[in-house]
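Shared chain: chain A. Partners: chain B in the first complex, chain C in the second.
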Partner chain A sequence: MSLEQPRQPDAGVTPEGDLDYDELADLLGERVLDREEHINAEGFVVRPDEVEDTLSTLKQEAGFDHLSCVTAQDYQDRYESIYHLKKYDDPTQELSVVVPTTRDDPTSESAAGVFDTADWQEREAFDLVGVDYEGHPDPRRILLPETWQGHPLSQDYNQDKPQIVPLREHANPTEERTNVPQESDTMFINIGPHHPATHGVLHIKTTLDGEQVADIDPDVGYLHRCEEQMCQQSTYRHQIMPYPDRWDYISAGILNEWAYARAAEDMADLAVPEYAQVIRTMSAEMCRIAAHLLAVGTFALDIYGDFTAIFMYAIRDREVIQNLLEDLTGQRLMFNYLRLGGVAWDLPEPREEYFESVRDFLDEWPSRLEEYHNLLTSNELFQMRVVDTGILPPEEAKSYGATGPVARGSGVDYDLRRDDPYGYYDQLDWDVVTDEGCDNFARASVRLQEMEESARIIEQCVDLLEDWPEDERDIQSNVPRTLKPEPDTEIYRAVEGAKGELGIYMRSDGTDKPARFKIRSPCFCNLQTLPVMAEGEYIPDMIAALGSLDIVLGEVDR
Partner chain B sequence: MTLPETLNGLLPIGGLAGEVVAAVIGAALIGTIMLTNTAVAGPWAKRKITAKFTDRIAVNRVGPAGLLIIVADAVRLLAKELIVPEGVDRPAWDLAPLLIASSALLGFAVIPMGSGLQLADPETGLAFVFAVASMASLGLVMAGYASNNKFSFLGGLRAVAQNLAYEIPLVLTGASVVLFTGTLQMSEIVAAQQGALFTLGPVAIPSWFAFVNPFAFVLFMIANLAEVGRNPFDIPEAPTEIVAGYQTEYSSVYFVLVYLGEFVHIFLGGAIAATLFLGGPAGPILPGFVWFLIKIWAVFLFTQWARSALPRVRIDQLIQIGWKGMLVLSFANLVLTAVIVGAIA
Partner chain C sequence: MSKNELHDTLDQAQSTQEARMGEGVDSRFNSKLREAFGSTPFILTKFDQFMNWVRGSSMFMLLFGIACCSIEMMHTYAVKHDLDRFGAGVPRASPRQADVIIVPGTIVSKFAPRMKRVYDQMPEPKFVVSMGSCTISGGPFQEGYNVIKGVEEVIPVDIHVPGCPPRPEALIYGIAKLQERIANGETSPVTVKPYELEQFGDLEQDELVTKLADQVDEDDLVMRYNWADSA
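Showing the complex of A and B:
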């Protein structure tokens, strides 16, 4: 034991482990201009030229090591950036740093020097809303083409003006395409947007030194579908719920719906019957298994080549889950099953038959997992390929805001299902899986073990549902026909999606539609870590690292 | 007696003209046999085999057991537009598919297929077959370099690195067989394996070199996987990394030729393995040619199995396995064989 314990950065925490906002305000002193009440946390208003200073104080001394989300929005009189801070050790301790700027000169200091994840998040805020971040290392657009005119989510944007971006305007052959000096003996290559291993339309601008990756720059936005704006134009009560299915569209639908349901229910203070919570928990874990199966299957595809048996086995097992979800929700991909205050309908009749088919799956499951372990984790050639490649150190993972299996594969013990409980998770017996390996192998292995835990959760839910008294099966609480939260209610809420922390920020303006709807996509943040993992590695390892990140471009680009 | 000699005896033409005609007919016959095998293997058998490994059904609509897919695929592929990308290095780009396809086919000229099917039986048969088989590497480099595509270029470079690392172990392991037989002539190598190694009750185990020296056989099969570019050594193509490697830009007929060349090459690898280690066309009851086909298809099945089950190694790992592992082992095998042969003598 060392005598000198590192000083815990715990300013602003009471002995009981709660957050003391007054003490935090004292810590920041003069920098806090005003304090706002958001539902999830307090918001400290700071000057636009003191962002970096404030955030670094909060990170160093108050232990806010997780910049969960950066939201930008504009009001009639000002632009505003909100930095949603959390702690990896306890994500219920939250703090928002609100940075208003004037409408005429929306310039705000960049936080990229404190949190690496702010790099892309501020680029997105600039791209869609139009806040300029001073001192940003790479102030380019990220989702829209570089020649785009205006910022679509700002109020003075003309949505009717057509913008056509032909390739010859978008791609400038003379521009510097890489940070690597021209005279060095390297080769520039575009991996994607159409490439067998990019899992969608991802474009990775790669500079190769021989077979080794010297520099990469992921280019996203090819699948941008204005999801945030569509949600802003839809009513809380019914119209938004179908959209989350389309973010992470590979079977994680119910997990995504839950992110919106949780945020909206907390915002409008709606209760959810316990019975519905159990059904939600069960169906969400089914989605997680289906999503992880696809992740493992496609990862195997990246390592083995396009004729591997593992991918087909994964699809075969996923099919069983899909059938269960279809029986429950009536849909195979876009479930639209959750409702505010409950779920759409009860379990399918006859219930016994449904329970039996779920139990059949659960009985088969250990032997299936065994098969994956035989084919993947205990295969020596596979180990040779993935162990100690694509290293993501835990500190980098935290700084880039990595969550989900990516963070847990780097030994960051962070799972919102346990740390910020919702649904029925805190009453069930299951474990959070972490792995200290930090490599491609660790991430794949975490997913395999998480599927085991998900099966445990499903089993307990089935036990509960089977014995649920017939007259207490409420699937829906009373929810007003039209939801109109108080004006200027603000909330940021996250759930543990298949890929990590899926958060929703909403601000109401008193109407039945949100004034700002911001999605914190786990894939978007996880993808930022790719250069850390891949630079200096061989091309195959870069592809493996990308596969181990398990990104879905629908969620990255939204 | 080789096939042209037999044909020459049957033809009513004498002299040089008769020899030429007989040679052409013989070559056409052997070529047709091998291309038929490839046609069955490429569009149909490969799909069926992979499907079996991955719990699927694969082609079953066109014709009995989906067999007519061979015709359908041939028509489909030939009917496609031949896209010539801008800036390709024209003669090389056109010649590469031809070279890939023909070099493998050329190898079959000296393979004894049993039932009198052998085109030529020169004294340097084994050297010839290794020489023409490795010409395919030249085709891969040409295709990769001439395509004016960076993925193709990487694929071409990888093909060179891989073939350099694996040709030497392959040839050295083949040479260990020559130490036993004392000749490079293919028919003599087959003849040397006809005796019984030992008898297990009523079953006589033939003295195939796979039984005499299993170590060499295993080495040869591994080197052969790299030679024909199948998992875990399909690095020159590596679809998830470099799209399709050297064949990225080829379409239509050229694509067919490249693909055909690959499959003929797998069969040639199988044929060399059969001749050197599995007693060539030897086997009980069935005619020699049928046994020969069974053996080359068994090797083909092995490559497809590896493809479904084994991860692709990385290029640096491949080079390491080749130069630090296979090369040392194949030299050890050569020395060991020399000692054994010396002891017997």
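Showing the complex of A and C:
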């Protein structure tokens, strides 16, 4: 990576670049109580009071600098937290740290001292499953209201019990203001949960010192619609697939479906025909363009109220892409197009006509992009607002587990399409876009350039599909009608969604439904970096930073 | 004129008012002027009809995004579908300037009190379009532990637009229907709303309330969800 000094090779890596789990186990010594086999990686079982030591050794000496996900779950006899570790340099090198605790006293040491991202992830684990994290800096609920009773994803939760939710935060805004001490220059304001600049139902508790942001506390959970529970009570084969469309709902449906498809296909060892992979790749990149377009359009709307030009242009171009996707999948927004082992159906007939409309879009695209560059990146107004505001240094980005355009805008060269290849990406010619500006401008510019790369990918896919022999157009491999993976198979798999690394952890229990389904949401982790970017800045710069993060509340709250 | 006769005339006037209002017109459409007059002279009747036509032809929508449906709602406002063509397309950021609230997405327990507050802040007469399956029944998330089974559990709804999400055309159709109704002075009956904002102190003292007593103040507004009843 360009920003880093050359350093010693990590411990536990063979000269070929593979992980040597025995060496890693030796590195941790007696802290490893047991070793488990997960499909993606080995799991080292450690004591609940040695979490911080273990993780910090792995981070410092073995180079595991990316805490991708924290999964909590409960078994009949124990609670378990799993820390899914990866490396930003090579995300195929994975390791899980499994921390079991007893049912009577589910207390486990917090990892927030080693990885900043563990802060929110452990809060979520506490909120939904009920594992207590000792030494956690901020042990509050995160998705559910503070007065909630019970932990809904634990086994003994009764969903029919009544709950009481207070409306305290916003009871009387003027009263809040008069409560501020007279001499003090600080002011507390609520932004959201109903506010146009928050891109949905996000609530930001902001403390201002004069006009500067002194403290900021994003309050999420206003769209927590139990996606994990829904997936846990649905069957692998068909019932889960519609839900991913609704995580990141900015037309990024196929990217999300792919996250589930990839995890489930690897878990059940299903093959996908190459032809289907090309269609997946093409449609996924169309989704990426649509998602980035909305990000760029609303960003312009946020920072200088450009409702008439950029926003409308972006919506106009989205309509074009949505038409292409509708022709392919039958839906404008919630595609439900991928199937385990393939896709739902072939390209629409007549094929030539479809290819022609895709090519029309691609021919027009460079001039459209140039227009966006004229209106945004080379616009002085825009530059004044976003250059050198919302700084996110690469080391902080990594520690907070930022991925996607947010990480790439901080110079972190991390893209799962290239680094952990899936689909047809490794056989196509395209580049990962990074920008070392670390500011709001860099993130917006990365998105604009990524759309260019996506168009390149689509073009190559169309070329491939046009020449594909007619008798080899398999869209679906043989998949059993009812899918029942071996009991206690565990997998964590991620794809590059529109906002970053979208991962899914699944554990099977021998039935046709997953026993635990955990979604690693890129937006959830990216949003955690907001205080880093915004504290000390002015309020409008905070809004710009929030816009440049491009969060989708459906995916933050799940 | 005797006292009795005067009384009869008043009675008559009142029933005329009722007769002129017709069925299906509720108090939301009554102007202050009409109330002051007590009866409905011809010119005011025409004025009311005129006002209804005006209301239907120039609706200010609340800029209110919740979930997936709000993306389709944005597309409905913007180019190609351009809701403004139908006199209903200027989104207002403040509820105090809006007549219509489109509820575009899943309502969860934490958000319902806030939505109720936003709805309460809108001036009368106000209308609600519920967009998407989630706002009708909870949709695909109906079985979720945190999901309100339809927006009608919290606020009254005039028009339901089904779909997941509804296409912009469907939303436009729903809004056109609402405009038609408003112009005719019709509204839907207000249905039962089991979930209300109330003061914590007024709640029935049961196990849950006693447990939360030290976390919530007596005069805090709360919403109590009896999940078992609403399924």
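Keep in mind that, in the parts below, the second predicted complex is superposed on the first by the 528 of 558 C-alpha atoms of A that agree within 3 Å, B and C clash if a C-alpha of one lies under 4 Å from a C-alpha of the other, contacts with A are read in each partner's own complex, and residues count from 1 in each chain.
Just so we're on the same page, a contact is a pair of C-beta atoms (placed from the backbone, for glycine too) under 8 Å apart; a residue touches a chain by one contact, two chains touch by 3 or more.
As the structure is a prediction and not an experimental result, all values here were calculated from the model.
After overlaying the two complexes on the shared chain, residue contacts for A:E211 are found with chain B alone; chain C is out of touch.
Contact with neither chain B nor chain C is seen for A:H238 once the two complexes are overlaid on the shared chain. When the two structures are aligned on the shared chain, A:Y538 is found in touch with chain B, with no touch to chain C. One of chain B and chain C touches more residues of chain A, and that partner is C. Once chain A of one complex is fitted onto chain A of the other, the partner contacts of A:R418 are absent, as it touches neither chain B nor chain C.
In the superposed model, A:M187 lies in contact with chain B only, and not with chain C.
Applying the stated contact rule after C-alpha superposition, one finds that A:A309 touches chain B and leaves chain C untouched. Applying the stated contact rule after C-alpha superposition, one finds that A:R141 touches neither chain B nor chain C. In the superposed model, A:F382 makes contact with chain B only, not with chain C.
In the superposed model, A:L301 makes contact with chain B only, not with chain C.
On chain A, the surface patch touched by chain B in one complex and by chain C in the other comprises residues 195-196, 311-312, 316. Interface residues of chain A, counted against chain C in their complex, comprise 144-149, 152, 157, 159-168, 170-171, 193-196, 199-201, 221-227, 229-230, 233, 242-243, 246, 249-251, 294, 311-312, 315-316, 318-319, 322, 332-334, 553-554. Contact residues on chain C toward chain A in their complex (touch as defined above): 63-68, 70-72, 74-75, 78-80, 93, 95, 105-106, 108-115, 117-118, 134, 140-141, 143-147, 164-165, 167, 197, 200, 203, 208-209, 211-212, 215-217, 220-228, 231.
Residues 187, 189, 195-197, 211, 300-309, 311-313, 316, 375, 379, 381-382, 384-385, 538-541, 543 of chain A touch chain B in their complex. Of all residues in chain B, only 50, 53-56, 150-151, 154, 231-232, 234, 238-243, 304, 307-317 touch chain A in the complex they form.
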